[in-house]
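Across the two complexes that follow, subunit A remains constant while its partner is subunit B and subsequently subunit C.
Here is the complex of A and B:
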């Protein structure tokens, strides 16, 4: 009898662990398609040799523009370059009608979090890859998954449901900001990020 | 296989135990917390293109230049404008949060009428037409006869083109009064104007060339005129050699940053000024011409001879050697002597203001480089209008209908000062204001005026400025349809009185008129907001070019030469020597009657003019004391069996109230320094004006001052 109780209890534990580590993440996140594919590697590779800030540029006043507008894409893609499906979608659906591409942003933060790229990239000279990973050399966009409860990208928490990063660049939660500031002996008062 | 209840519970227990080792509880907790940030009720930050607008702050007469960062047209942050020649890139905390005030919980969003007098009377929604028709019989009656009282306009910020409109409006009524609110003008310059016996031009301080400033409590680094001007001058003391001597009964922020702080017993400022004057006269430190040009020099000389530094030192607490040194410093350098208008404590009494201003005359500072200059006012058509008078000079019980302007002066004053001007039946008060405030308790009709950064406004010459200037405060926020342009209100009231048009029906038309006048005068230059280029008005082809430059945040600054000052200057004006008696200076008393002195920080004297976000300044960081606290010297507290943090009952002839005592060794013993406002988080009184607080205990003298009131304290 005692053995049966132990087995039942262990079964409960195992069932929870299975649900918590496998079924729960699958239920928590919803996969959404990006409006089109994008090949960073083609742009940053040897053929074109572009750097991140050529498209993800800073304004004259130092603020960060973030995702480039269609006007930026049109500078090179006013007519189709090549014959890929993505190129066709870009030109026909966005460049020609001059319509912004509704990208789903992996690193979108809540409104109450203020992150100045200029202070980090220009002043602290932190490389883009330190936070965003080798995104610039990828040939396809990662799968975009949105958290059904919070509404933010899975990349904010990190791909690993445990919250423990598989790579140094994974996750964009506050603890990462705090840890980095502590390592670099920077101020970390509330008002630095939450205006 | 049968499953018993025990087995089911065992399985459930195991599941719960297992769940603790999964991300489920922890992730759900985190995500649901984030989910609460995204509720639809929570205001969203705008997203869109980022633009910048140059404008000006209208929260006080300082008129600092502002650079507004806007996202999708919505202002999200305000900063000063580096390179601006008048405000030097500085913006005070009030200005930085100025765009929040439109959302203040006490914001008035439609006209209201009080059904009775006093704070307990309910507010009833009304309309502008209803108010105008209710006032029509009274306005017509005042026009036909002023025997039962007249009409008065109280201008909170004189010198604007709107002020001219107010003056023009009241000039249509017999005995109509155009009064300026306390604190809207520099008290020393106002007094000097009387001593100079001049009505033309505008007096200003040439602080940029001054080497010694003797300030009787002027908050020079804490909200005086345009803060950027004095802050920069004092920051550069190593280069410009400027010395600041601050005479004040408490170690204020200005006193802390002064080269010398002279802690004076409040109420003895006149004795100190006369003792300094005595040293200057006895040692012939004044320009020789003063003896000939000042008709009352002999009277002054006789008066100051009674104020020996040794005697005065015993009364005011400042050593006689320091009094002599101060007199020498003033006489041997380009200097300025000024008094301070405390944003809550008001001016010093008239007699004291006169001898402080008289020191400038004695030192030959008037019209001298580094002293006090007389410059041309902003060009205006110069129509015949009612003369301006100070509120204190308005005859008591003479005002039947009072219209209070809605501009922010940054200062406050006791309501009893206003009440005594109203006719015996309490008169009728129409108040323009963006917010419900302590003053609202006096109003019969509340008319909502636009909040800061909601409408096109004028930034005219700040008090004490060296040259006349003019700029526009461009709106950053959409003005609610229910708010009323002051010029529109005047037009409505004029119509209700049967008057023809008063000239303009919107503030914008007034401002275009002023721009036209400046362009016609061909005076001055228009500078771009950052000061990168300047264009003489003379070189402008049309007034539209000037308007366009102003609409882009440009600033017009006059370049007219200083005017000649009337050489016949008096030292005492209309004051008679018997007003000054050093023996009457009160002795130190720490247990009986104390001196209650209200004080405040500009713009922070009323709840409604402080953005709730500034609670960080007042409550979380304790950088500023909150209203409802009194600072008292520890020895005075001990003498009255009180301790730091105790709640004390303060009693005066006007009543009593409870406040929290703060032991402050920098306060002179025998003095209660009472903080007036703000309460940034006070939204409890949303339906009703807040109580007047400590100002309700202050005794207002005949000259309109209320700086010192006798009070007693006891444990609450």
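Here is the complex of A and C:
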């Protein structure tokens, strides 16, 4: 009856794998909806040709302003330009009542991590895509998920539960920051990236 | 672009005790800058958190020879066998080789408080309570400094958030080096009698470097060989004589 034991063992292994690969991530992450759809491609594509820094600006003292405020959208969308549903939401729910859009930030790091865009983008001239992938030319928003325990966005760990990225831009844990710095011969100290 | 050379600085301070009036503005500025929450009701002298604390010390004489001096005490940023670094079992404390600043990484800290015992200057504090701000005042927190949770040690790091800001400003302008005037800790900036001079000790053209070598300048507990980067200055001999013991109540 050795065969029966083997089958039992294999089904146990399979069940554990299924739990590890599918049930665990489903239990660990909660999906949250973005406040509205946003289409980067419409803005940055050929037809409108906006550059990233038209919306993602730096302040005078070099800090990165991140996602633009509603004032930026109002410059063009004070009334609807097209007839899409998402633009209707934008105008009716945010532009007209002057409300900020509560975007959920995929790349948001924990409070105690410090990341300066200026050093990377302006001085070292690293492309946005190297860290953010094709977000700036995408036409729909990816699913936003948070870790139920830490409250961090899933994109910090990376989409793949194994921690091995399926694309080079995926995941932004401390080891990725440090690895790139090491490749570029940057010595780090803890307080460079922590605050 | 490939080789990203980093500068080597050694930040330090010279505090002129003859100018310090003990007003305590530096303590307030420090707490506000670094998101130190208002003290818990139950907090005492020993359990409250003050990255910078001004101690009054008297010469013990009767009138008319009596005299009091106020000593702002903070992390002395030891440059030599830094006691807190050498005892930390967690590698949660580190001397940054490019700035000389002794950094504390709270998220790595396990709260054993060995560093506090080891610190000869009593400049380290422990979070006995989770920080709590009166409702509505959270919006006033400094976004450049992360608040610490209960159960970790903390201390002065020369307002490191301000160094980040200065570096970012330099990077945006394509500069490698920060402008000296862009990096000034909160206590230095707030002192109404300009008793504290701050800067890069390694830069010999700097005022702080010159003052650190000047006559009547001293360090606390020099016999321990910790090479503090905080220097004190006083023309009064009895004050300088105190250097061999920690000026703690």
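Criterion: the second predicted complex is superposed on the first by the 184 of 195 C-alpha atoms of A that agree within 3 Å, B and C clash if a C-alpha of one lies under 4 Å from a C-alpha of the other, contacts with A are read in each partner's own complex, and residues count from 1 in each chain.
Simple rule for what comes next: a residue touches a chain if its C-beta (ideal position, glycine included) is under 8 Å from a C-beta of that chain, and two chains touch if they have at least 3 such contacts.
Everything quoted here is computed from the prediction, not taken from an experiment.
Subunit B and subunit C, once both complexes are superposed via subunit A, clash.
In the superposition on chain A, A:3 contacts neither subunit B nor subunit C.
Counting the residues of subunit A that each partner touches, subunit B and subunit C differ, and the larger count belongs to B. In the superposition on chain A, A:61 contacts both subunit B and subunit C. Of the two partner chains, subunit C is the only one that A:194 touches; subunit B does not reach it. Contacts of A:123 after superposition: subunit C is touched, whereas subunit B is not reached. With both structures placed on the common chain, the touch criterion links A:164 to neither subunit B nor subunit C. By the document's definition of touching, both partners, subunit B and subunit C, reach A:112. Once chain A of one complex is fitted onto chain A of the other, the partner contacts of A:16 are limited to subunit B, with no touch recorded for subunit C. Subunit C runs into subunit B after superposition on chain A, and of the options 98-106, 170-178, 206-214 or 368-376 the stretch responsible is 98-106. When both complexes are aligned on chain A by C-alpha atoms, subunit A residues 61, 63, 111-112, 191, 195 touch subunit B in the first and subunit C in the second. On the subunit C side of its complex with subunit A, the touching residues are 1-4, 6, 94, 96-99, 101, 103, 105-108, 144-147, 157, 160-161, 164-165, 167-174, 176.
Interface residues of subunit B facing subunit A in the complex, by the touch rule stated above, are 6-7, 10-19, 21-24, 27-28, 30-32, 34-35, 37-38, 44-45, 50, 52, 77, 616. Residues of subunit A touching subunit C in their complex: 58, 61-63, 111-112, 114, 116, 118-119, 122-125, 184-187, 189-192, 194-195. By the touch criterion given at the top, residues 4-5, 8-17, 19-21, 24-25, 28, 59, 61, 63, 110-112, 147, 149-152, 157, 161-163, 191, 195 of subunit A touch subunit B in their complex.
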